[in-house]
Amino acid sequence: VRDPVITFLSDYGLNDEFVGTCHGVIARVCPAARVIDLTHGVPRQDVRAGALVLAAALPYLPVGVHLAVVDPGVGGERRAVAAKLGDGRVLVGPDNGLLSLAATVGGGCVAAVDIGDSPFRLQPVSPTFHGRDIFAPVAARIASGAALSECGSPVDPGGLLTLELPHPEVLDGVLIAHVIYVDAFGNVQLDAGREEMARAGVNPGVEVVISTGAEPRVPVPARYARTFTDVPPAELVIYEDSARRLAIAVNQGAAAAQLGVGSGAEVRISL
Amino acid sequence: VRDPVITFLSDYGLNDEFVGTCHGVIARVCPAARVIDLTHGVPRQDVRAGALVLAAALPYLPVGVHLAVVDPGVGGERRAVAAKLGDGRVLVGPDNGLLSLAATVGGGCVAAVDIGDSPFRLQPVSPTFHGRDIFAPVAARIASGAALSECGSPVDPGGLLTLELPHPEVLDGVLIAHVIYVDAFGNVQLDAGREEMARAGVNPGVEVVISTGAEPRVPVPARYARTFTDVPPAELVIYEDSARRLAIAVNQGAAAAQLGVGSGAEVRISL
Amino acid sequence: VRDPVITFLSDYGLNDEFVGTCHGVIARVCPAARVIDLTHGVPRQDVRAGALVLAAALPYLPVGVHLAVVDPGVGGERRAVAAKLGDGRVLVGPDNGLLSLAATVGGGCVAAVDIGDSPFRLQPVSPTFHGRDIFAPVAARIASGAALSECGSPVDPGGLLTLELPHPEVLDGVLIAHVIYVDAFGNVQLDAGREEMARAGVNPGVEVVISTGAEPRVPVPARYARTFTDVPPAELVIYEDSARRLAIAVNQGAAAAQLGVGSGAEVRISL
């Protein structure tokens, strides 16, 4: 039998001991677990960014327990949940939308429990650190073989909070998309793909113009290509990124800074 | 038998290969060891911060070997030690106070050896990287089952350097506390707890005023509550944090910047 | 039998999920592998820095598969390779010089394959994330026991790209060296060692002067000593660092900022 796998995503960062403490809790409960840190660099309290990262990575992760904590409402009214997916994975985290995109990727939620008062929580529960006191010990118990029903009270698996994301549009040959993520290289990920580009009449290999929401909307040229190195250094390129979304990059540069856009910004692309 | 656990705390950061090199050394000496990185983001050479983090996390870590390296005096006169605690844990690191708070949490030091000339050190020993050449290999040997007495020369277990921390006071209904740690969220941890607040006549649920050491001492209002979300965004809250110390936060903000305080600053709280 | 070890170095940073996704891919292919993160903080696209870090750390790492990804040419013409070394290690990464210094340390390359079209790659291969789709799965297959010949097409083991590094010189009692790496403490590593200092007539324990390439070349005094703590706080010291190269540090300070030098800068040292 393989050792069980727990993956762990959070916005805790690595400067403090929060992540290491959760690892310690897991190791005490389930010494055999292999913990894979997906990332702890999700922008602070950015539930949407965390949800997108978890969903994009999920197909590349072993089937296991997927612990995720981006939790601006910790200690408040939001529920803490563990959710079993159609493909056998179990998600553990706050019920604030963080888990919802991954749940869809994993075949939908087929069973869920509220773990706020789980018998496996560490008491007393700190109102500010549910990662240590609720999420990590429950995830470790599930990895150890505990049934979901032992971990908390059953809740409607269809009733978990879902994220509302913006939708891209095509109007008069213009693709109106939105920035959903900026990575550490400054690459700008959009909520559109190659199909929307085709609907705007734009095919790979051509020159396009990009304009952003900031006034004055000065259109800048870019090339719709395969990868960064298809354009000279310092020039803009639009390409399908590793999550199969359109992204804008600058070869050997940072597109987000050059375009002046961040998460949520509107970006218009046309011939 | 479980695989042995080594936890590892340092101020090396993760931008260089120092941490990974120590992991490599450990894996060569004790391939079965599971290494838990507690954190490597301790502020550079801040022995006190490292000591506080290690002590706060210790109860959540499996009993094992606890490697800690915040070592401004590396290559100088300070001793390198391994110390066995009353609860069976072994601490390994410089004898500069870094281990002293954790030793107390773990039941006190019952045996100690000076490992500066340990037979298990890697030679030649670099005067600037004892983590790699002394601390990591000795920690790994202990995890492999070596007795403390094999690792170095016995020293007085009561003679390890202890840290002097400031003490909070209550004077005329004013709690005079000190900042001992600022985490990456900007939350400000104080050296006082709920008992000192009670002695100052302040009970949970009330409004208080905070003044800091910086002149002019303009008192600012805050709420003494359970957690961040008990106050509106951008407002100050005092609460018991996950290490059971009083802390000051700003809901969805950074208290340290807002108050203009850092480690060591004096903070006064009263009704 | 020991679990196989894979070490992993990159410039991906830890703010995004790139590293965690590669860990997931490895765990799916080779669940028994122990992955040691050497560092993911190599300066972006700095192939030379990555090559130096990997080569310096290699002797401290268990013999295993050494995955390294600093890959400004991803998706372009550069080859992707796996290379077996004389000491039994296998390097996996782009053939852009990144692996070349480590190959020398490990006894030279004795066999190599081009893995760009490896049967073990994940398809479709993203043109921007070969770490996930080519390098990680191939490294994991090798750790699982796959022969190099199964992983790709044989290439000339002597034909891998090698890095050209600057060479230090001694002229008229002046050592002319170059900065090859600046660590996160601001310590400045040079491409010279104690032998070159001796050839310039400088022996340990003496005062020297340092001048840098920036005009006007104002010489600053420094002490040639054993370690930081051999000089008072804020003063410059030249010492043999943990990779046995000359380095310049400021006790409790950052030499790179104080001298105004970065990677590639020329540094002159004399009595």
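Order of writing sets the labels: A, B and C. Residues in every chain begin at 1.
We adopt the following convention: a contact is a pair of C-beta atoms (placed from the backbone, for glycine too) under 8 Å apart; a residue touches a chain by one contact, two chains touch by 3 or more.
All figures in this text were calculated on a predicted structure; none of them were measured in a lab.
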Copy-to-copy rotation for chain A and chain B - C-alpha atoms, rounded to a multiple of 5°: 120
Shared interface numbering between chain C and chain A [over half = same, under half = different]: different
Mean-CA-position distance for chain C and chain A (Å): 31
Residues of chain B touching at least two other chains: 14
Complex interface listing, chain A residues touching chain B: 12-21, 23-25, 27-28, 31, 44-45, 72-76, 126-129, 132-133
Touch list for chain B against partner chain A, complex: 2-3, 5, 7, 9, 14, 34, 36-41, 53, 56-57, 60-62, 183-185, 226-229, 239, 241-242, 252
